[in-house]
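Letters A, B, C and D mark the chains as written, and numbering starts fresh at 1 in each.
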């Protein structure tokens, strides 16, 4: 394992010092691991807080800014943050209209955000939570902790952020966030595993000719190991896994997301193949994102996330956003 | 159990967690995300710091500090769960300076109830509950049978170890390991293993105190 | 080698079809491999054309748009494009004020652009060429083909693009492009090699505990192989290599660029270390870019590029830009 | 040399380039960017297509098509250089239907001059010039000595091969390999190797035509 780090235990704080220096538009509390917009809370606006393990950059810190998140709480690499961070973040971004917690559905994230919400509520701040669970690779059943939150997190943060910026109430912002989640699905594929700085060894092994279908974003093994195949076949597998779960129709927002170690040009190749497969379902790709938005360190592979848009969701997606990793219209 | 013994337990727990850091992380690599040992070791390192900074004056105070620190420093699934377990036990002990066997048993019951309430895991779901619950029951049974602290702690630790070993064939229904479905079978649950270690630490210090 | 491709020989055209579908604001001639702004030539504006081998994405196609390039010519992976592409691109973007070719200093790029410039000149279109050669790892001497063009290409394209957008003449745009190049230096480090789809094997081998200093962007070996070291030491080596060649002072534009396979958070760690080393030179980091801007497929590693700013260059850097990979102010 | 023989040469060159695609790429992997065989093979594949599409009527016409196609399809350093070599040779032959030994020699001289003008490489810089220049000189010397086409082409091919082998100890001063400095020593230059192959193809078809 070769990594551009100093000591494993300093990886997150060193990162945050770098983020602070690179982005004057963000305020970074390096010690307590909270990233907020530099302006402070926006009076009257619902504050959006998200967070999760580090190692998924640009998620979440790269999405703090106008039209998206107000604060991000980065945990240790692949480890949910602690309630203290979310409490501090919630207090910092509460502009009087309450705070929305956007939580990816992992036991750790859910429990820590749950504890934080209690504490924040005790402060007299109104809190709502939205749990993102879009990963069709996991059965949402009695036999699992429920579907994982993956790519749809980016959509939820963008669209709920736009709604909050328009002056939506906490109930309205939470409701649109849930709607995005319900209309979104993801499926990911790994070509290589990844290694956390602390562990020093990959989370799983993959042969020179194997890929892992239905992976999560924490370097954990996926649903099925199959022989390597073409981008076209991989894209097809992703689209079909989603289509079987949520039949695709109408206008779609499609993200072909890189897991961190895949060249950008390969993501375009996958997107081209996705486009061809989606066309056969009769649905239309109305909006697109191709790049590294929610990653698993240096994992090679990709994740497909699809949201079935409504006119309202499209308008909110198109609304101005100004963050380190997503920016348009402003 | 007095404050000194409680502190000795926590220090011994920190020691065995540190010694088993890689072992626990490797268990988590098989069915989770390779961080359980790292998480707990980070947590207990902060716990020792916190206890040194503001030494609590009661067993309950010690456990509240442990729980609060784990919640604030561990993250992941195990942070809130272990944190809640220690906090509930601490609250249950109140401000008693020397917990008797019944108080200890009640504290352990409160701990496992806290974990189950927060994490909603049932026995057999392949979680720390599968080590903690039989341990708590074994402790209660020992107390019922008028056993002394050493015997009760040893019974609890052995039950936790058996419970942890018994998670190996299970399919995980909670936590990250559940994503693997049947592929989670054949591996010991890391949280159950760490529970056995922490209760083993209690048995160790109880025996040492007894012989001293 | 596992890659998200279909057939190696289709890698570039499949990529371009994906780019076309993902970016309606670009016009992509997939067959002839030319990417232009959708609007066509801007009347009266100098047209900026760049190009080079594929596999460095987002360079160059990701920098086509308002305030930056008018056209990009992607070659096969790591292979300079052919003159036909540059001729077609130059014709397409000539708005009557002439065309600037931005060429990275590699024999192949230089020769192909040279042939293209002749042909374009024969058409009666005024052409100027700027050769970017910022890589301090290569001695610029009789004993080499001269310094390679690397990270500074991004700076040149951005700043010259802003000057062109302001209405600068061909001579003015070319002159500011040369100024940026002269004031910029780069130094890169690889932790892993990379593999082109066609070759199927890495360009060089690196041991589990070795890194390569002074690499180029084509998967070729670098200047020196040394044992793995900390991000801090690597950042120091990069800063010092540059500082020895071009003493740092005043306001700096600093890019910590990922080579394609390095997690974003590691780049921030490197940037933090760069910041600390630069501080010791007395220079000031005035502008920053941290991310994947000019890559080498899935290579792990980073490249530091520094430009000594002038007030004019800073203003041009800050000017609005609206491309797939760089966007602000609009 | 008539049109048929020129076409036969190009076809044979395409064949040996395809056969040596990996070999040339491996040479380029050592001191370049692993694409020389891929580049030339792509180029000659397009060349065969172009010749089939619009069959030229003169040796010069064939060479102009070859050169133009290589420029349009190869890219990299070798595309413009080989393209220029073939184009200059083609231009030098003009519209003669059957080039004599002197015309051929002049065409080869024009080719190497074109390469040197464009790439500015001197002999000893470890480039294709180190194979091409001695080959052209050997051809000229053979013509001077009244050798026939087979003998002259064989002499040229052998000189190219010697020249290519002689690049091994050299330090590259031009092209991508120059970035390696002294580390470029000990490896054969891929462009010199491909030049030897292409001129070897000429000797092969000349001999075959002679024996037919």
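Here is the rule we go by: contacts are C-beta pairs under 8 Å (C-beta built on N, C-alpha and C of every residue); 3 or more make two chains touch, one makes a residue touch a chain.
Keep in mind that this is a model prediction, so the values were computed, not measured.
Novice: Enumerate, in label order, the chains that touch subunit A and subunit D alike.
Specialist: The shared contacts of subunit A and subunit D, listed by label, come to C.
Novice: Would you mind checking the shortest number of contact hops between subunit B and subunit D?
Specialist: 3
Novice: Subunit A to subunit C: how many Å between their CA centres?
Specialist: Between these chains, centre-to-centre, one finds 29 Å.
Novice: Distance between subunit C and subunit D based on Cα centroids, please, to the nearest Å.
Specialist: 32
Novice: List the centre-to-centre spacing of subunit B and subunit C in whole Å, with centres computed as mean CA coordinates.
Specialist: From the centre of subunit B to the centre of subunit C is 54 Å.
Novice: Identify all positions of subunit B at which a residue touches two or more other chains, and write them in rising order.
Specialist: Answer for subunit B, listing residues that touch two or more other chains: there are none.
Novice: By residue number and range, which residues of subunit A touch two or more other chains?
Specialist: Residues 77 of subunit A touch two or more partner chains.
Novice: List the residues on subunit A that touch subunit B in their complex, please.
Specialist: Answer in residue numbers: 9, 53, 75-84, 106-108, 111-112, 114-115, 137-139, 142-145, 148, 196, 198-199, 201, 203-204, 216, 218-221, 223.
Novice: Considering only the defined contacts, which subunit D positions touch subunit C in the complex?
Specialist: 25, 29, 32-35, 38-39, 42, 71-81, 118-119, 171, 173-176, 178-181, 183
Novice: Under the stated contact criterion, what part of subunit A meets subunit C in this complex?
Specialist: Spelled out, the residues of subunit A in touch with subunit C are 2-7, 11-12, 14-19, 21-23, 54-55, 57-58, 62, 77, 191-192, 208-209, 211, 228, 230-232, 234, 260-273, 275, 285, 288, 290, 292, 295, 297-298, 300-302, 327-328.
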